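Multiple structures follow.
In what follows, chain A forms one complex with chain B and a second complex with chain C.
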Partner chain A sequence: MSNHDVAKTLDLKGLPCPMPVVKMSQEIGSVSVGQIIEVLTTDPGSISDFPAWAKSTGNEVLETVQGDPIKIYVKRLK
Partner chain B sequence: MSADVETQLAELRAKVDAMPAGKENKLAMIVLSGDLDKLLAAMIIATGAAAMGMKVVQFFTFWGTAALRDPKKKVGGKDFMSKMFGWMLPKGRNKTKLSQMHMAGMGTSMLKGLMKKKNAPSLDQLFEIAEMTGVEIKVCEMSMGLMGFKREELIDYPNMDFCGVATFLAEAQESSIQMIIS
Partner chain C sequence: MDDKKKQELLDAFSEKLTNAVRLYMDGCTRCGTCIDSCHAYQSMPETRYTPVGRAQVVRRLFDRYFKLSGRIAPGMNEAVEFTDEWMQQVLDAAYSCTGCRRCMTVCPFGIDTQQIQGIAKHLVNTAGMTPVVLNMLADMSIAKAETIEDTRENFEQGVKNLEAEVIEKWKSEAGEDAIPIGAQDANVLYVALAGKHSIIPAAAVMNAAKEKWSLSYFEAVNFGAFAGNPAKTKVIARRIIDEATRLNVKEVAICECGTAYRVMKYMTGDHPFKVVSVVELFARYVKEGRIKLDKSKIEGGVTYHDPCQMARNGGIYDEPRYLLEQLTDNFVEMTPTREDNWCCGGGGGLVAMGEKDFRMKSSSVKVDQVKATGAKVLCTACENCHTQLSDLNEHYDVGVKVEFLSELLADALVSE
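And now, the complex of A and B:
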């Protein structure tokens, strides 16, 4: 579980909608294509929002790990 | 048989070529309301869409235009009706009220307190994000005239322009999403 080669961790704990995706869109460019960002969030909406964001922006959510905080692994594809 | 398929394919290609260009990955939004709750929704959707990689154009019209006023700016030379409107309508986004449960200001200030406690972005922060993410704001020229607002009393926002209904319709026509916050 969550054995990802993480290039960067993005701590978004305590931030509610729409900040997680706003921050994500600002930070995705800080890693290279193919690299993985680990997102830490306490916003339960992020569980469905990140896959939607990824679909729309052409990136990929590799895994979502429930917990406190929720961990989401996002791979930059373009 | 294969020749048949080929002609069908050619016909199909010709049809596809003749189709109008696809819709842009764009959100065209009308902001009709000047209520705090609805402005929050409008700005959250707009900044969210920008984060999703969409181009976003917001059209502020009617009561929405009051939310774009800058409380620090003063302009003179208004007629009686314009002065009345200016006086009755909220002077900027931070003077807007909830559409429900305002309760003489108690409800609105309670919500603002709650938002702060929960770390929810304020209208000020959302406008900042909108500015940063390239959200375009277009202001209805006719509403400005009706309410007697002058351009000089609106906020400083880099991507702000003034327009009429045709501009909105043209933008909406090529947008994949259109919506109204009223």
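And now, the complex of A and C:
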């Protein structure tokens, strides 16, 4: 069970392609460097999309928790 | 704009100057036949939203740099130089066009305006003016090729967690995975999008057909194409080509995504496998008697929106109609239809970019077309179109139910 100090939760369940990553990209600036966003999603693709997005934007996926919804914890690094 | 930047833009323009493009540049007589063909102009009658108006923004640069008259006496024609201000017009032209190619079908000279728009996007990209979101998405897709090994097990588990929902639609054979993944020598590699709605119905249909298939680890859509970046387009497509080749599949079936289909089918060269749309695959299942459908599931009239990248730009018209005729006795064609169908207004990257105000205003002609059918269900076979049509449905209170074709098929599957 994850135990992250979450600054913000994004409910991205059921969004069409490519909106989960687009919304994340828009929202990452709303938290401070070092803070964590919790993403709620129903898309299995997000499990591999978010780490790829984090790599290409210089952020970090801390943990992915399977379930309904899937929870992904993203830390803003810059 | 400094000379170095101008030279980079000139080099980028030169890269796109095939003999066909030169013909398209020189062959336009400004007859204006294309003007009324654009959904954006029909909905927002401004010159900047005409196909010829957009093309002129690029053509005037061509006149300056690639025609003798423009090089020796640029004041004699409408030639313009690369400037920061003019590049803003190029940006506007590039991203107010969805690339639907309806204008091309009416041009008496066969000018492919989309190829001119391709130059506009390439220039915009070279100038570093591509909408940030499109580059971000393309870069994410490229990075996925490098991170896929780290996320493989998690993704497989996420897919496994969907199997119960697939089985609700169609019970798999004993011992068979409802969503096979990474399967060697499958007949079909199915390339979906990120969302489960892109996986579950298609999985049910393929299982009902007893297909030997496998789900791709990658998403079908190619954001490099939306960004007008040929190099990124190639790298993103290569991930799927390499996967399909490694797995030794016979066919790659692209999900309901028009751009993904067109890029993989027509822009990536020859492969040791065949590329089909999942719509073609499913029509084949029905024709071969591999799946049976219940015609009583859908209530009310059903109409179909041809996704431009699958239909006008990809040639797939008959298969979706054949499938809908198996699903309902109340199929209603739109007017105009098939190659004359109005674009939904969401293509070319506009949905990903947001741009909701422009998307809604520039597509009122589509709304009128849908309303005129009197249909209760608006079916399409493209994620981008589905999003745009859903937004139009809500914005204009059209009152239809927007559905994917695969979802209608999966819900109508019967044993006998």
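Annotations
Criterion: the second predicted complex is superposed on the first by the 78 of 78 C-alpha atoms of A that agree within 3 Å, B and C clash if a C-alpha of one lies under 4 Å from a C-alpha of the other, contacts with A are read in each partner's own complex, and residues count from 1 in each chain.
To be clear about the criterion, a residue touches a chain if its C-beta (ideal position, glycine included) is under 8 Å from a C-beta of that chain, and two chains touch if they have at least 3 such contacts.
Here the structure is a predicted model, which means the values were calculated and not measured.
Three-chain overlay on chain A, with chain B and chain C in a clash. Once the two structures are superposed, chain B and chain C can be ranked by residues of chain A touched, with C on top.
In the superposition on chain A, contact of A:T64 is made with chain C only, not with chain B. Contacts of A:G34 after superposition: neither chain B nor chain C is touched.
When the two complexes are overlaid on their common chain A, residue A:G45 makes contact with chain C while staying clear of chain B. In the overlay built on the shared chain, the residue A:P16 is in contact with chain B and with chain C. Two complexes overlaid on chain A leave one chain C stretch from 74-82, 110-118, 146-154 or 182-190 clashing with chain B, and it is 110-118.
Under the contact criterion defined above, the residues of chain A that touch both chain B in one complex and chain C in the other are 14-18, 21-22, 25, 52-53, 56-57.
Chain B makes touch with chain A in their complex at residues 25, 44, 47-48, 50-54, 118-121, 129, 133. Remark: chain A residues 14-18, 20-22, 25, 42-49, 51-53, 55-57, 64, 66-68, 70 touch chain C in the complex.
If you check the complex, the residues on chain A that touch chain B are 14-19, 21-22, 24-26, 52-53, 56-58.
Across the interface of their complex, chain A is touched by residues 133, 136-137, 139-144, 146-148, 150-152, 154-155, 157-159, 161-162, 192-199, 217, 219, 221, 223, 257, 352, 354, 383, 386-387 of chain C.
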